[in-house]
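Listed next: structures, encoded as structure tokens.
Each of the next two complexes has chain A plus one more chain, namely chain B in the first and chain C in the second.
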Partner chain A sequence: MTSVDRSPRPGVVAPARGSAPRAAAGGATPRGSRRGYDGWWPVLFVLPTMFGVVLFYLWPIVQTGWFSLTEWGAFGGQTWVGLENYQRLARDPDLGTAVVNTLVYTAIVLLGIPIAMFVASLLHRPGMRFTAFYRVLYFMPYVAMPTAVAMVWRLIFNGDFGILNQALAVVGIDGPSWTSTPGFALVAVSVVGLWTSLGFAIIILSAGLRTIPPELYEAASLDGASAWRQFRSVTVPLLTPSVFFVTVITVINGFQLFDLLYALMGQANPAMQKTQSLVYLFYNEAFLRNDKGFAAAIAMVILLIVGAVTLLQFRMQRRWVTYA
Partner chain B sequence: MKHLLRSASLAGVAAVALTLSACGGGSDAAEDGAEVAPTDAQAEITYAIWDENQKPAIDQNIKDFNETYPNIKVTVDLTPFQQYFTKLQTQGESRTLPDVFWMNGPNVQLYAANDLLQPITGLVDAGEIDPSKYPDALNQLYSFEDTQYGVPKDFDTVALWYNKALFEKAGVDLPTDDWTWDEFQDAAGAISDELSDQGVYGVVSEINGIGQSSYYNTILQAGGQIISDDGTTSGYDSPEAAEGLQLWADLIADGAAPTLQQMSDTKPNVWFGSGKAAMFWSGNWSVAEMKDSPNKDDFGIVRLPAGPEQRATVIHGVGNVVAADSENKAAANAFLAYLGSEEAQRTQAEMGVANPAYSGTQQAFVDSVPSFGIDVFIDSAEDMAFPYPISQNTAAWNALETELLPQALSGERPVEEVAQELADAMNEELAKE
Partner chain C sequence: MPDATLTTTAPVVAGRPAAPRRRTSRHGSNAWAHVLLAVGGVVMVFPFVWQLLTSLSTNAQVMSVPPVFWPGELQWGNYAEVFSKLPFLQEFWVSVSITVARTVGQLVLCSMAGYAFARMRFPLRGVLLALVLSILMVPSQVYLIPQYQIINGLGWLNTVAGIAAPGIFSAFGTFLMMQFFKGAPDSLEEAARLDGANPFQVFWRVMLPLAGPSLGALTIITVLWSWNDLLWPLVVSTRAESMPLAAGIATFAGRTTTDYTVMMAASALAMAPILLLFVVMQRRVIDGLAHSGLK
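Moving on, here comes the complex of A and B:
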């Protein structure tokens, strides 16, 4: 990569020589010109997708940005208020709570990645039987409706009649009302979030494991590397691109926590105010309190945070991600 | 505010039934919006509702309506309550509201103030609708700045449900219609003391998020208000309001009622329905559920106990409204008038879906489960009902109640302190209206 570029300078060498393939070893010219030959076709092919992205993602972001600078009447009619919504938001104590809750939730759910890595490696062991069955088993919570999942966990977490507290009672522990006590509620929601996201991480990491050439393990074992050493020096580094992808997706999903929280705790929950996430705060302002301009400001803050965190992750990736 | 009673007697009104056929032949459009379609009118209108349980009765209403108006096609648009008002607000914003739709108290002023609803004044003047046939509190609920916008469809009040078997097991005398707060509190405490080893509590009520069943009533009974009569200031900062809230905080602190967490994990209707609570403050909407409970034979209903100041229950009900922008207003008016008629409301009662608003039609609902004594709800509406507290943007301060009141009811902070904070925040919201 850093070697001196010995190929002729682009402007000097005419493609007429017909030696482009040979020169391609180091020069950018032939690749560049080949791209030029494609003309507008590629653009045409991505147009339908671009149309959707612009219409349903980018344009709404622009609109939300504008709405966040307005006060929204009950039935439309925006009045320009400048940065007032943002000033109000900065003073709102709920914002800090929501940011902290969202970060805690995301951190707990991220703990699922090492667990998923462990499970994926187990599933990848040579001679392992019923792997397809196990994969389905682990993936099922991910494809199940969050509401349905939440309904079942609500019964498990029920303070008076839930199976969790019944089990704890056997060993003499008087368990709390998990989903309606501040503190416990966030942990309960996070545990369920971790459990549901596990399947997705396992599938991605399993696919990542399959791309590691078996010769590497063969060579490592010939060199006398133990199973643990192989895992550390071959599996982990070569899996980092998959881990990176899963981390980015998990963090973005973590910041969008809403449906699980809403379904597991319910709107009228005494612990909700202390457990609410950023998106719940948005929902509360937009749809329960009818303050859509203010809610748009919250949405913009969420966008900025997610954007910044994702950018940071991409910046950091060259420190730990190995692309073979 | 004095009791908002319906002055008209419940008896002997059958004769005054709204005779649609008689006036359907094209009444004069005396005022804007008062025009009612002739019986041979041809039109298609939409009717938006949120309760699936009521769909069969609504379908029957439409069928009967089509006897008189064979060429007006009514399509029912059913949206679950959770999304109903979110959707309606979007429709209101794009001026594409359904022609006729259900409205509730907390939202009516918002729509009326934004000129999205058609006043029923014209129809009343034309004799199509007679407001005196409905409880006054409901007429007032659907009025904004002295103009009525909705026709009451049904109503609900709150009463004291009790479980006879649990009272007997605990050796406590059964509740009566003449109970006071003291007797109620003593009984709740005695039962939970006696039966706590079986996990049974003295009383439960929906207290998380909404006070309609619980503290709205006790605040009124203590002589306080949730919101001032003119809907401009909060009533939470009065000593009476604090007293009404304190009753529930005390019941929870004494263990006579489950904690807020327990009533959030397991809903009050489940505690009572499954025989784990001896008393239940709830409205007539619970009838449909409780009549299917395995303990239904033990259930009885008396009116709410008298507070330090007076007897009281909030009254609320669904109303039918016509959109101001409806393109088929004449047909919509005809349907609105029919829905408010004695015939239509009696059908709803007979099919057991709602406690109808039209005076004299409630008996069918009372008869649906004779052992409960459902007439308590209707008597309460007559004798002790106060309108459900609302303002132009009710949702804004309802969210504040949900946020702040748990801190007071759970004993986490003193009741007066939280009530004062709520009043201040609520006044701030009200000032924006």
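Moving on, here comes the complex of A and C:
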């Protein structure tokens, strides 16, 4: 931060001034020489953002790292405890539960990608009409407020009078009380998660489909390839970059599961402990149980897991993503 | 696989005349695609319809077995009750305020910083940019506790300023705008510079007007996120009347578990502004989100 204030020293301002006429004369390099700086102006442009980024993001990351090695007293003040929070976390069965729940949720939401691929290819059919209308229908859950849509899903999933169980009763299935039974609650949250994120996947995959040259299909059909064969040999490989992108985003969002879980189940739900996600575990420790040192350790673990999973995905993309 | 596609591209030109015939033959078979899409569409929209229907029903109808699909006499009174049972207007105002503050803040700050990173030269540019971009990889939980401490220390808990403040700055927005300015043409900028415009005038009068689509995408993302965000407002606001709607609805649901119809009416009202905006500007919203790839 402070380095930004001092950066344009008089010595380096001079060549910047000189650069303008040179650029005018040369024409090709508007920015002048490699070492030419733009004087004090960049400070004006960058300083507000750097201020906010350092104050609200960068320094807090360092602080959380430090907090994770401390214990917080009831009236403030932290004492150094070394790795104790991490050791406690390793022994805590809730961490394992939260990791598994988060992974299960993410896996179920990922099932939306094949569905989205199917819907996108239907929308992409030649001569298809009303596509804008369908896109609005499928995209609506993505823009709707998660807390607000969770309220109606609560009703739908209600064990006694929910429309889902009443429909299941017609075919002779006695549905559970979805949002308050461990296991079923996670499935319910995941289904809503899939429903909200499907539209996003459809849009990205549709954009991907539009980049595939139609000539490839024409050539393939001239070679006698069936519609299924065309889908498998042309659409799928050329769509893999879009699929990869959607997968990365879906996994990152999946690990952030909080809003839907919180709103669909409610804080006081007895099944919450068995259904909680990593972010809920963090929220609960940091702001409900006020154990901020321990919560900071959870945050660092989330950072580690998300980082490792994202890295792994980029490592594995070579195996299945085709860049044409 | 790539080899196969490459070899099949060769006869493409020769195959062109055959294309129209194939297209018309496909054209006729779109009926079943419409059926599938419509069935899926009904599933996607059903919760919204169900929400509207239950918000106009009585509690007895909501809880009845077998279900009542059409409430008969529409209970508009449920919507009136929203305003007496929860501080809806205050919460609505908080939502609007934080959304406007964050959006305006991000549009100004991110476009300025993005412009500087893309087109200006200054010492430590690479380092500063790397620092800003590094937060893109970090989940929000990692900075939540210190952010809370800052807001608490400023005495900004339960205020619009406290909820809005961290979100006025955005690494993602800076990145998005930087990407745009990197690809913008040099010629206009150069001409303005020769006319004696200072860098701020160049940015404000020449470059920013070109950035319409990117600014639009950033607006859409920020508005959506500000309106719908739950975790941070929940952390920094404890009183119902100083929460935005997302947190207010969740808290109301936590207090009352049986007042279903009012809950449905409140949540329908809470998401209505964004859904209406989306339906009106659907093309721009969808393209904007696809273009930037993130919420």
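The working rule: the second predicted complex is superposed on the first by the 261 of 324 C-alpha atoms of A that agree within 3 Å, B and C clash if a C-alpha of one lies under 4 Å from a C-alpha of the other, contacts with A are read in each partner's own complex, and residues count from 1 in each chain.
To be clear about the criterion, contacts are C-beta pairs under 8 Å (C-beta built on N, C-alpha and C of every residue); 3 or more make two chains touch, one makes a residue touch a chain.
Please read these numbers as outputs of a predicted model, since none were measured by experiment.
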Task: Which of chain B and chain C A:Asp291 touches, first, second, both or neither - done: first
- [ ] Look at A:Trp195 in the shared chain and tell me whether it touches chain B only, chain C only, both, or neither; answer first, second, both or neither.
- [x] second
Open item on the list: Quick check on the superposed pair: does A:Val171 touch chain B, chain C, both, or neither? Answer first, second, both or neither.
Closed with: neither
- [ ] Examine A:Ala268 and indicate which partner it touches, taking first as chain B and second as chain C; both and neither are also allowed.
- [x] both
Task: Winner by number of chain A residues touched, once chain B and chain C are compared - done: C
TODO: Kindly classify A:Asp160 by the partners it touches after superposition: chain B alone (first), chain C alone (second), both, or neither?
DONE: both
Open item on the list: Need the overlap of the two footprints on chain A, from chain B and from chain C, as residue ranges.
Closed with: 154, 160-161, 266-268, 287
- [ ] Would you mind writing out the residues of chain C in touch with chain A in their complex?
- [x] 1-2, 4-5, 8-12, 15-16, 18-19, 22-24, 26-27, 30, 33-34, 36-37, 40-41, 44-45, 47-48, 50-51, 54, 62-67, 109-110, 112-113, 115-117, 119-125, 128, 131-132, 134-135, 137-148, 150, 165-166, 168-169, 171, 174, 186, 189-190, 193-194, 198-200, 203, 224, 227-231, 234-235, 245-247, 249-250, 253-254, 257, 260, 263-264, 266-268, 270-271, 274-275, 278-279, 282-283, 285-286, 289-290, 293-295
Open item on the list: Show me the residue ranges of chain B that touch chain A in the complex, using the header's touch definition.
Closed with: 86, 89, 92-94, 110, 114, 116, 199, 208-210, 258-262, 264-266, 393, 395-396, 398-399, 402-403, 406, 410
Task: Contact set on chain A toward chain C in their complex - done: 3-4, 7-8, 12, 16, 20, 23-24, 30-31, 36-38, 41-46, 48-61, 63-64, 67, 119, 122-123, 125-130, 132, 134-141, 143-156, 160-161, 163, 166, 195, 198-200, 203-204, 206-207, 214-216, 218-223, 233-234, 237-238, 245, 249, 253, 255-256, 258-259, 262-263, 266-268, 279, 282-283, 286-287, 292, 295-296, 298-300, 302-303, 306-307, 310, 322, 324
Task: chain B-facing residues of chain A, complex - done: 73-76, 154, 157-162, 176-177, 179-181, 266-273, 284, 287-291
